[in-house]
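Naming follows writing order (A, B and C), and every chain is counted from residue 1.
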Amino acid sequence: MLPELQAAILDLNARYAQAIDDDRLEDWPDFFTQAARYVVTTAENFERGLPLGMIYATSRAMLRDRVRSLRAANVYEAQRYRHIVGLPLVEAEADGAARAMTSFIVVRVMHSGETSLFASGCYRDRIVREAHDSALRFAERVVVLDSRQVDTLLALPL
Amino acid sequence: MLPELQAAILDLNARYAQAIDDDRLEDWPDFFTQAARYVVTTAENFERGLPLGMIYATSRAMLRDRVRSLRAANVYEAQRYRHIVGLPLVEAEADGAARAMTSFIVVRVMHSGETSLFASGCYRDRIVREAHDSALRFAERVVVLDSRQVDTLLALPL
Amino acid sequence: MLPELQAAILDLNARYAQAIDDDRLEDWPDFFTQAARYVVTTAENFERGLPLGMIYATSRAMLRDRVRSLRAANVYEAQRYRHIVGLPLVEAEADGAARAMTSFIVVRVMHSGETSLFASGCYRDRIVREAHDSALRFAERVVVLDSRQVDTLLALPL
């Protein structure tokens, strides 16, 4: 039982989701380490061990590029998203890092006001505490989506 | 990192949601301080800085009045609600109070059994520990709804 | 305030939901004590004090039987489920056990990719720490469903 680590990861997940839902996308890459791996894939592909996802980034810089593209494309202006992040399942690792699995759903609210269930899935994370500022960051975040209908998901950071 | 405060606010949110979902509305005002501000507004209005919401109360007594009206109007007899409250994002303040932001969704279950996503949004709270009974209470709870289709929301405490 | 107990129950709930969502149903009975009571009922029946649910088991062995039947019947091959478990409301009991109430929703993702809100409700648990391996387990889990449309629910462990 590690209440401190669990509380810290709970807090990390809460801040991550809030940044996206508040449309502060420019803050999103800062939740990752410099050399982080960020993958969005489907449960089907994940279970088959297919390494590449629909989205695949191997550095924070790639995530920054992604945010710039999203802003330029202006794709999801008219919608709002709301992440509901479940309870993190945390396992400490020998080197001070942690593995966490956390279920989530994303609700989409259209400009018209219509609310619908947009996505569900599980974050599979490797989380490290970085020495320079003592902050927890994702060294790896694999977003495993339950559904394989994912075209429209490509825009939103998940 | 403040696991104790985080745990306490997690507990406060869980009890708050449970009271509403169990239809113990008479307990609802007790989650607030005597002079609490309780506001329900839309994300659109919140971002524009419009101070007034669709619901605006500035005391626990106003919340009690509200519950009495709801009981008299008997408006939501036939439905059930289920709050799913996300992870609280907590920031301690200098004076012992805390700020918290917490995402939520509300599911509505009709008497027929039909289940739908009713509302989503974010609680923006100021929470204080009151001296007389050491309980945490909301000195301010601003309920920011993602959708602007809110007419039917007016009945339910959120 | 009991952050350790709360954290432990949060962890128990996270592992429980993950086991079901990962389709590791064979692990599911191990979350219960040998003589556990597991009941699935509706809010309507629960409030009327009707003791029997749609599903009623009084031992871990009955839960194992249930999993075997589910595997044999092969009923939910084509679907995925995602539990989102809310914040646990925990009360410690005198004998070292705890009572917990926890809201949940279950999302169903069809093979086609379609996502829908499948069920919502509240877990009402009695949780004990077992001496032989120091693990927390459910001595009682009453799953109270908000909706009374439950036919299709009978297959899935909730």
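As a convention for this text, a contact is a pair of C-beta atoms (placed from the backbone, for glycine too) under 8 Å apart; a residue touches a chain by one contact, two chains touch by 3 or more.
In this text the structure is predicted, and so the values were computed from the model without any measurement.
Setting chain B aside and leaving every other chain in place, the chains that still touch stay joined as one piece. Rotation angle relating chain A to chain B: 120°, from a CA superposition, given to the nearest 5.
Centre to centre, using the average C-alpha position, chain A and chain C are separated by 27 Å.
Counting only residues that touch two or more partner chains, chain C has 3, 7, 84, 105, 117. Residues 3-4, 7-8, 10-11, 13-15, 17-18, 21, 80, 82-85, 105, 107, 109, 112-117 of chain A are the ones touching chain B in the complex. Those residues of chain A whose C-beta lies close enough to touch chain C in the complex are 1-3, 6-7, 43, 84, 86-90, 101-105, 117-122, 146-150.
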